[in-house]
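These are the structures in question, set out in turn.
Both complexes shown next keep chain A, but they swap its partner, so chain B is in the first and chain C is in the second.
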Partner chain A sequence: MRCRFRMCGAMSLIGAWAFAACLVAVSSAQEIKVPASVTAGDESVISTTGSGSATFYLVGPGVSRKSEVSLGQEIPLRAQDLRNAGSYMAIVCSGTCQSTGFYVSATKPASLAFLVHPSRVPVGQSDAVSGVAFPFDQFRNLVLAPQTINFQLTAGNSALLSREVRSQDGVAWFRTTSGKSAGLMQVNAALEGITAKRAVQQVASDPCNLRITGQRVATGIVVQTEPVHDCAGNPVPDGTIVTFTATEASGKNTVDAPIKKGIARAQMAASGAVLVSAASGVVIGNDVRIEAQR
Partner chain B sequence: MSCIVKSDTQPRIATIAIAKLIVTAVVVLLASSSNLYAADATAQVQLNVAKAGPRAVESLTERGILRDYRFAWMSMAQALEFNTVDPLEGPFAGEAKKWLRETVANQQRSGISQRYMNQNHQLEAVFYAPEGDVMELHDTAEYQLQVSDGGKLIHDEHVIVHYVILMTPAADQWVIRQLQAVPQF
Partner chain C sequence: MKFILPLILVAATVALMAVALVGPGHARGTVGIAGGSAVGGLTPKADTPEQALANLLDDVQRRNWDRAFSLVSKTSSADEQSFIQDWIGSNGGLRAFSSLEGFDPRPLHITDNDAQMRVRLHWTTPVGPMEDVRDFHLVREGDLWKAVWPKIQATTVPAQVIPVTYLRWDLVSGSAEDEWGSKNIDAPHVRIISMNAVDSAEGAVVMGEVVNEDTIPAFVNVNATLVDGPGSVIDDESSFDKIAHILLPKEVTPYRIDFPNLSLKKVKNVRMDVKAALVPASADPVIGVMNQKVDSDVQGKSVLHGDLFNESGQTVNIPHVIASFYDNNGKVVWVSDGYVDRALLPQSSEPFAVEIPRALAATVHNFHVMVNQYSLGRS
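Let's look at the complex of A and B:
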């Protein structure tokens, strides 16, 4: 029982404007009893005592219902009024108002909200891939009861990770290192037959062992890399920039060249002895010494 | 409070004096009522991010959560008191927005309204995703809840309610996607 109020004693002294309402605590005949626990989407009943007619209110998340009821009889609560998990209040007014609250909890999981990051990741990066899963019931209530969620990461035919995580406060998560091979990584979260699938594109990491060769041409020099790979042997994607630097007696000359079909190539003006080096990202390649035309 | 007036046994001057008293009382009541609304339009929010993980909550994010959560509750209170969905645009998204809109629509039909007054929220961040794209919070909310039917007060109670909240960053603010009351944490 929560409230016990009655609007009473409106009195008039000098015309219609002189009304004052006062709240008087009164004893009440009716009582209402709500179920101890209600699961979302289930029907339920509220029992009342007393006799006569009364107004019944149900106030809760998504619900604001008013109906006439007979005291002493059960008030049915429709399943559609109890779909949202949360706090509800039942109020019965018959001269006085009485109220009591109850909670509706989520039902069993029906779906998983699964967030995976990033969508594209270099191989071999520690703690680079993470996933967060929230179980929801069929009414989109967050399921707070602990659930065991199985996270599985696969690339091609090889399993990269299989981890069971118990949800806490309605959330389970993982974080792991990306795989060794470029290509698609399948990331799954599974819970009691419910599976959420996401994909992460694994790409080559930074170039490794950058090696260049060069030769003299009529207008200067031409330098190019050998096929550029990361340290795991994955070809570095086309478009990755390789910076060539030619140092000669008269100064330095720098050219940025994108990798095309696995190789970066640049033509540079030069004369005399030239020392050429290459770099991509934080990786520095070998130096080559070329004798250009004077 | 009870009031007893026997106007038929009093001299006329006494009746006028009582009438003036009542008028004054009504004016004071109305004035205090409007002041009450102005005072009630705010929500006190304290945020604790010490237990948030696995990602640490940056101070800028902390301030944003505090600002947007407070605004969301003020908006919700306004929507449920005046039965309008406009305040829900912006601070709410997803399921939270859906059931709040349903509540307002049903209140419009039934003539019910709710007032959330003297709000005090003890908010605690319990989970912050590794990439910072979702945060779960627990709120121990304390407020005076009034339910009215056509302006007639049918319920008035000081309540403490526990809420589980999911917030996600939107373009320029954090929005509440899930707002679910629970018996306890």
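Let's look at the complex of A and C:
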């Protein structure tokens, strides 16, 4: 029932766990004692009993180490071998093998991974903005111990939301309604002096009460919108397309004009009575009748 | 005796060369290419209007401009330069990248001294084969017929400064070192606002309209998947060039997806998928669509025609018109597109026409025209 190291050494890291289970069942020549709790990046020691020399193996996430040790003395564990949080296995072999496991937990939070969605949101939409924060320690281990994360949303000088959320299994999140004014919304997540900042662009919703005016000129007609706003009074962004359609007896003219400085404007050739309408996306504006020069 | 075989071979070669030069069969294989030759003295005499026109178009096809222009009547108002430009285009327009592949002439009216011919011209272009119908006026000069070539008024733009203050959207991408989650920009929100699937003579067609609901430009593509009763995919296609891919905020484009040689009878379901990506874009140029009217063309086909007017200060090399046609319930019943083969110069206009299928012409109640544009040196 003795396991051969030449064979076991070829095993993968995952296989080592099965191997260790095999060792526990058969070894009793010496004892090892691991620390009750280990924090990532801290040095630690493993106590052993017995006498004589032995071979020590340390297997854990991202580490696999072999060294010669003397039984009855403490085996030092270097800080650099314990940087990754997770389950480790310590194995001591001298004729027979003895193994035991211990867990390395993340140290205190050093950074926050913060995801905010979406990057643009129309104003006044319920549950439209969400954010999720993950605390990590200095070795990029996810901190699973509950942490209190403070989410703050501000637009201009006004605070839209301030909420403290206790993380569960390394995750804390919020969901909220977008503000009423277009502009940049700052979203901050703070934890023990660590702050992650994100920005959400709040944009105007669909145009509301799209109204146009027009007049005749020597070459036809000029039509333009009144300043285009959404229903909350936010100006619709420049570059938004407004389609002007002029219908006259001889046919139809259309111009897709982008809004510039809040107003979309188009010049069209026309003669006689012209009916002009405007639309932006799926929003339709008013009609105007203009008598162009014949 | 030993010279007999070489002599026979030489004689046979000369005979075959002669047949090739004067025979009617050469340069055939494409529609409408009439007999003729680039070798002087071997072109059939232009003693009929049909032959004169065939000789002219044959030389145009070969880009033998001097010979082609010699078949133009002296009474024409065009000079050789404008004649050439009429055929090869200018300013990087679609015609400049096209070749005359063939032609189908048809007499409209012929008297002893005067003839009117209608020719269907077949072009090969970078955007696919195109057809053009053109009327030619020919007159008898002595014992020869010659074409009367009207002087095409080339569009000229006076020197001027046109201030352009329209918006431009640039895209800044994050680098690999950026913190996770700090540089995410969502894809634009686009939505299919209408969809209709019909059977046509060429196969099944899925069409409709897409709107960019966002406040930033979007690169849009629409895909459709036809699914049969048991849920198996029959075919999937994309809108390819039958859509305006770059949509500015709140802009609406028609789309059409063709499934050649497929019938909707087998189709149980159509799965639509619209994909949008963030791209840099400019609100310039603005192209107005003027004098839109549904009418019949010279061949009796129902067409939507009008003029494109370039309101900006840059040349639009290849304008592309996409039109959606609605019935009286506002449902999209057809989407047509067409390329304009001449460049659209600043502050100038060019005519366009797109066809409406004969079967649908009566149901068309309204239409919406979108202009897509390709400009050299700009993506």
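Criterion: the second predicted complex is superposed on the first by the 263 of 294 C-alpha atoms of A that agree within 3 Å, B and C clash if a C-alpha of one lies under 4 Å from a C-alpha of the other, contacts with A are read in each partner's own complex, and residues count from 1 in each chain.
Just so we're on the same page, a contact is a pair of C-beta atoms (placed from the backbone, for glycine too) under 8 Å apart; a residue touches a chain by one contact, two chains touch by 3 or more.
Remember, it's a predicted structure, so these values are computed and weren't measured experimentally.
Contact with neither chain B nor chain C is seen for A:S94 once the two complexes are overlaid on the shared chain.
Of the two partner chains, neither chain B nor chain C is touched by A:N234. In the superposition on chain A, contact of A:L144 is made with chain B only, not with chain C. Touch criterion met: A:Y103 reaches chain B, while chain C stays clear of it.
In the superposition on chain A, no contact is made by A:T48 with either chain B or chain C.
Set against each other, chain B and chain C touch different numbers of residues in chain A, with B touching more.
Applying the stated contact rule after C-alpha superposition, one finds that A:T254 touches chain C and leaves chain B untouched.
Contacts of A:H117 after superposition on the shared chain: both chain B and chain C are touched. Touched by chain B in one complex and by chain C in the other are residues 115, 117-118 of chain A.
Interface of chain A with chain B (complex): residues 2-3, 5, 7, 9, 11, 13-14, 18, 20, 22-24, 55, 57, 59, 61-66, 84-87, 89, 91, 93, 97, 99, 101, 103, 105-106, 115, 117-118, 127, 130, 132, 134, 140-142, 144, 169-171, 173, 175. Residues 1-3, 5, 7, 15-16, 18-19, 22-23, 25-26, 54, 94-95, 98-100, 102-103, 106-107, 109-112, 114, 126-127, 129-131, 133-134, 136, 138, 147, 149, 152-157, 159, 161, 164, 166, 178-183, 185 of chain B touch chain A in their complex.
Only residues 165-167, 169, 179-182, 184-186, 193, 211-217, 248-252, 283, 286-293, 306, 309, 311, 367-371 of chain C touch chain A when the two sit together in their complex. Residues 113-120, 196, 198, 203-204, 206-207, 237-243, 250-258, 260, 266-269, 280-283 of chain A touch chain C in their complex.
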